[in-house]
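In the two complexes below, subunit A is the common chain; its partner is subunit B in one and subunit C in the other.
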Partner chain A sequence: MSRFPVRKQKHKLFLLLLFSVTLLFIIIGFLISLKWGQAAISWRVLFEAITFQGQTKEHLYIQTLRMPRTIMAFIIGCHMALAGLLTQLITRNPIASPHVFGINAGASLSVVIGLIMFSHFTLTASIYFAFLGAVLGAFLVFSLAGIQQKQPIQLALAGIAVHFLLSSLTEGLIIMNEQSTDSMMFWLVGAVDQASWLEIQTILPWSAIGVTVLLLMLPSFRLLLLNDDVAVGLGQRILFVKLCGMLVVILLAGSAVATCGPIGFIGLIVPHIARSLAGNRLSLLVPFTGLLGGMLLVYADFFSRFIAYPYESPVGILTAIIGGPFFIYLARKKGASLA
Partner chain B sequence: MRKIMIVIFSFLLMVIFFTISLSVGTVTISLPDLFSSVMQKDSQFSFIVMEYRLPRSVISILAGFGLAVAGVILQSLVRNPLASPDVIGVTKGAGFFAALVIFLFPDSPAYVLPAAALFGAFFAFILLLIISKRLTISPAAFTLVGIAVGAIFQAGIQYLIVKFPTDINMALLWMSGSLWGRGWNEVLSLLPWIMILLPISWSQYQKLNVFQLGDEYSKALGLDIIRQRFLLLLLSVSLAGVSVASVGSIGFIGLIAPHIARQLVGGRHQYIIPLAALIGANLMLIGDSIGRVIIIPREVPVGVMTAIIGAPYFVYLLRKERKRN
Partner chain C sequence: MHQWIKRMLSFAVISALILSLIACGNSGKNEAKTEVQKNNKEEAIEIEHALGTTVLDKRPEKIVVLEFSYTDALMTLDVQPIGIADDDNPDLFMDDVKEKLNDYTSIGSRYEPNIEILSSLQPDLIIADLNHHKAIYDQLKGIAPTIVLDDHQADYNQMLDNYLLIAKAVGKEAEGKARLEEHKQKIEEAKQKLGDTDMTVLPAVTNPEGFFAHSDHSYTGSFLASIGFDDPVKSEDSYPELSLEQLVETNPQAIFLLPATENTIVDEWKKNPLWQGIDAVKTNKVFTVERRDWALSRGLISSEKMAEDIVENLGEK
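After this line comes the complex of A and B, so read on.
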């Protein structure tokens, strides 16, 4: 029995409306994120900055700080949401996410190791390190819980055990290496406020690869909505499909963690909301999840500026505060079927 | 008989590790010197041993007892070998309130920090009770709620850390679990709790044996499930809370010690509880001893050390178990 009903199609008009409203919200999100923050910018200057006309300090501020930051928030949100959707599909587990998979913690640990070991640790290098760590984390979780784990709770507990283990190692490393504690802690919570155009250039190829593989494999991923037995009966190599899915998850989540730290809960929440709104057709669900994830993180980043105004707070705190109650809601709603 | 032998053997091991932990550190003390420093007040090393190492090692043992038994009870209650006091958010709750004290009231007297941590553990527990509809939801859902509560407290901790970057190291040290600077005062505040709670836990072994069979069995055998679950959980949270309050949030002991114990003596709690307690103490002593000597003159926090030592074994154990099923 699949936990997700396979047939759940939405009306065409509703979908059209849904996508247009989402796009509208994304545009509004971009605008408010560019306009308000530590310094408020007038609409005229904002317009000039977006069209690259003015050259004053304010224009530069928008162009070199707020624009890359907002775009980065969108990219990271997409990455995390899509990675979350895939993990939930692969494991047929409503509470799966890169966080629960140990991927975030593994990537964080290896990036911290890299930062401590090499004095000139470039972002590109940290992305490769993050991939390695992500593979390690996922491997640990799966070897604890089993890849064909029928009980969601087993995966969640294995994931959280690995998460605690890896993050205690990370914390230990940070304590032992006192010079860069503050900046690393900030990074460990997950923040987009330091993003620059260079970082966007570095992460975009990985987004492209991840999304391309995802789209190419889309017909095969549809099998993940079915029972394993049915899929095998249809002559599909289900293990191969799952491995490809894991690869995409690691590419997307790993590059996101390397760039902006382990921003949690986006990968858990967004797929659920997206599924309840857009239904189960993957050709619609995948793009919608990406858009929704990007949108949510842009807004989260915007509001996180005001948690401790005028100081920046990492956006990861806000996503955790939203995500925690959502997780509780899921646990209580689906609790009976999780045992 | 074999089971009793195993318990006795691990007790002897504990004595050995206890002695080792007294003798190693920045200054290595030989056995005869160690003996004389305990016996005579004015010998060369008696100050180091009596004032620093002895209380520290005693706390290792007590906290190891507490964390391990808390884990045993919890794993039996939720019927899952991967549960631990860490998982249900109790240690994170303690951590959050400890961080509040460290960051907001750095000048408060020494006894405030453990008290706040204990309060935090119970606060998390009460939150858990409310959200889990007074424990009427399934153990699996209960665990998930715990994970979520832990995540929220973690967000709070991270917020404090980012907001007050000056005292990060102190907070991180506490969070990862450290025995640094623990003295006789801490021993005295932990000892009575453990002395009371440990025998009570052992006396509940029959209920725990029944509980791990499943709710239907427990009901059939006449247990008032919700009430018993609450009482046992309270016991587990108290043990974890007092231990965490004195040594910081060390989660791994509560996960792995019950596991090893179960591997060695099977599923009966009259043996698991004492054996897990001893294994927990052993792990703490080993972790602390190695953490002290691995990069002299600095110390690796015992929480990090136990994770490093215990992790490979834990992974091996779980894989073995899975293959058998």
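After this line comes the complex of A and C, so read on.
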């Protein structure tokens, strides 16, 4: 934990700049997201709509459709990125993410089961189903691999195996119930385009709980950066800390999947970018990861509108296009150190 | 010891999961033998179809169809298929088709027909779809003479062409032509009752996740066009997903909703003031019709039902 006093001042300046640039990009992202969509809207109308004056069609587009959609993209991006960061910390595995670790697949599977079994399947119910599935997915992975941090390879293999098992079951269910699950293929890649204020209201409490627990546990999570043996030596109940971490991951990833479907790769790539920019100090890394994740998904959602313009395409396509190559890059780069 | 317990536990959890899924997937098979009418006429039939030419030595008696529209076609020709890929759900047939349909064996999903059951029926004709069954064409050909039609993505006029091909394949070309004339007559009558058709009409399948417009390239869209209406969604894609914003911009003057589930996204949209701004909503021209009639059956019978629905809702009163 040694510091370099000479560079300290510079480093602080850099961080300040980093956060302000990120905030600026987030604001720009929100603005372009609100400004451009299927209907043309002038800057003037945009300003009126944001300040909630005016009730014309154009104002309503922004107030009731584009705004919740953009906010939802930000929230989901935050959730996914933070969940990814936590899984990477808990497992000490750089290629860990809720997506690769059975949590997304488990949540998807149980939401699809719910959609097939109940015709009146509400959003709130789907969130609980997603939690259940996320727990199941995580449980499967950890029962296969154990929670000792000594076996990152086993964990990665178990995670991928469970991910594919659960995804194949989900797809099997969809094929067998093609009629009731018509557009679920669309849902399976994840999309925020239908987000409404109601959905934001539903997911916000979970964001609040997840982030609060995360912040409260921050000092303990810091020990996850250490070796397990050292942490135990320092008197930490490492298992308890890890379980709390998993709980937060399940809350964040589960509620995100239930609301918008599994949007892949955000949880994988954002923590890496954040870490390379903001460093390893959790009190900086955690908020920066959240902001960066939200920002990335806002931009991804914005660009996904133009894939099949003027019709919608799921944002998950875009995150997969960016995330796939990044995953391969990480696997190659870290492959040596892991093996 | 501990390791052993852990392994057994995870194995048990995974097996239980798989078993429960298999259990809820496989239900409602239609296992019934069918009497096939015997009506032998010894003449070869040659059919040109999407993947080549198939020669049938005699009029086929045991026919297996892999798409709903083929059942619709066979019903108009008084031919009973012995096997149908019905997605394991007989409720997907429209009532008029179901009434005429005898017992048959389900071949399972239209997307993944069960080849084993199919071959055990020993059919002498299989009618398949270009998009879904191209990959298994060789396999099907090995079981029985197979004709492949571009049907699932077909528009209305293509369906009429396909209909004549099917009629020819089952040795009822003359009956088919006559029935087609009758169909055109019925549609013409419907057109008369409609009067002015100068308006935009949008059919759309809805479910909880989205609003899927049937564009001018889709079957329903092209049917609406053939009777004079205008499908406001112009797209190469047959079923593009519309956001509420795009729907409001499209502003159709009438909407036919084909809900796939009980609750759909439209329930949410109705709460949004933008929904009230759509012309069709303002003039009370949003109608709900059966999806199996409009989007699944896709044949003469269903088109006539569509015409009926349209006349009932939009006809001159």
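FYI, the second predicted complex is superposed on the first by the 324 of 339 C-alpha atoms of A that agree within 3 Å, B and C clash if a C-alpha of one lies under 4 Å from a C-alpha of the other, contacts with A are read in each partner's own complex, and residues count from 1 in each chain.
One rule holds for everything that comes next: a contact is a pair of C-beta atoms (placed from the backbone, for glycine too) under 8 Å apart; a residue touches a chain by one contact, two chains touch by 3 or more.
The shown structure was predicted, so the numbers you read here are calculated from the model rather than taken from an experiment.
Partners subunit B and subunit C clash in the overlay (superposition on subunit A). In the superposition on chain A, contact of A:Gly316 is made with subunit B only, not with subunit C. In the superposition on chain A, contact of A:Phe121 is made with subunit C only, not with subunit B. Of the two partner chains, subunit B and subunit C are each touched by A:Met176. Between subunit B and subunit C, the partner in contact with more residues of subunit A is B.
Applying the stated contact rule after C-alpha superposition, one finds that A:Ile307 touches subunit B and leaves subunit C untouched.
Touch criterion met: A:Leu157 reaches subunit B, while subunit C stays clear of it. Of the two partner chains, both subunit B and subunit C are touched by A:Leu140.
Look at A:Leu86: by the touch rule set out above, it reaches neither subunit B nor subunit C. Once the two complexes are laid over each other on the shared chain, residue contacts for A:Leu165 go to subunit B and to subunit C alike. Stretch 3-11 of subunit C is the one among 3-11, 75-83, 165-173 or 291-299 that clashes with subunit B after the shared chain A is superposed.
Where the contact sets of subunit A with subunit B and with subunit C meet, they give residues 140, 143-144, 146, 165, 169, 172, 175-176, 178, 182, 186, 308, 311. Contacts from subunit B toward subunit A in the complex involve residues 80, 82-84, 86-87, 131-133, 137-145, 147-149, 151-152, 154-155, 158-159, 161-163, 165, 168-169, 172-173, 175-176, 251-252, 255, 295, 298, 300-301, 303-304, 307-308, 311, 315, 318-319, 322.
For subunit A in complex with subunit C, the touching residues are 37-39, 55, 57, 60-61, 64-66, 115, 119-121, 139-140, 143-144, 146, 165, 169, 172-173, 175-176, 178-180, 182-184, 186-187, 193-194, 196, 198, 308, 310-312. By the touch rule above, subunit C contacts subunit A in their complex via residues 6, 9-10, 13-14, 17-18, 21, 25, 87-89, 92, 109-112, 205, 207-210, 212, 235, 237, 240-246, 248-249, 260-263, 265, 268, 272-274, 277. Only residues 95, 140, 143-144, 146, 151-154, 156-158, 160-161, 164-165, 168-169, 171-172, 174-176, 178, 181-182, 185-186, 188-189, 264-265, 307-308, 311, 313-314, 316-317, 320-321, 323-325, 327-328, 330-332, 334-336, 338-339 of subunit A touch subunit B when the two sit together in their complex.
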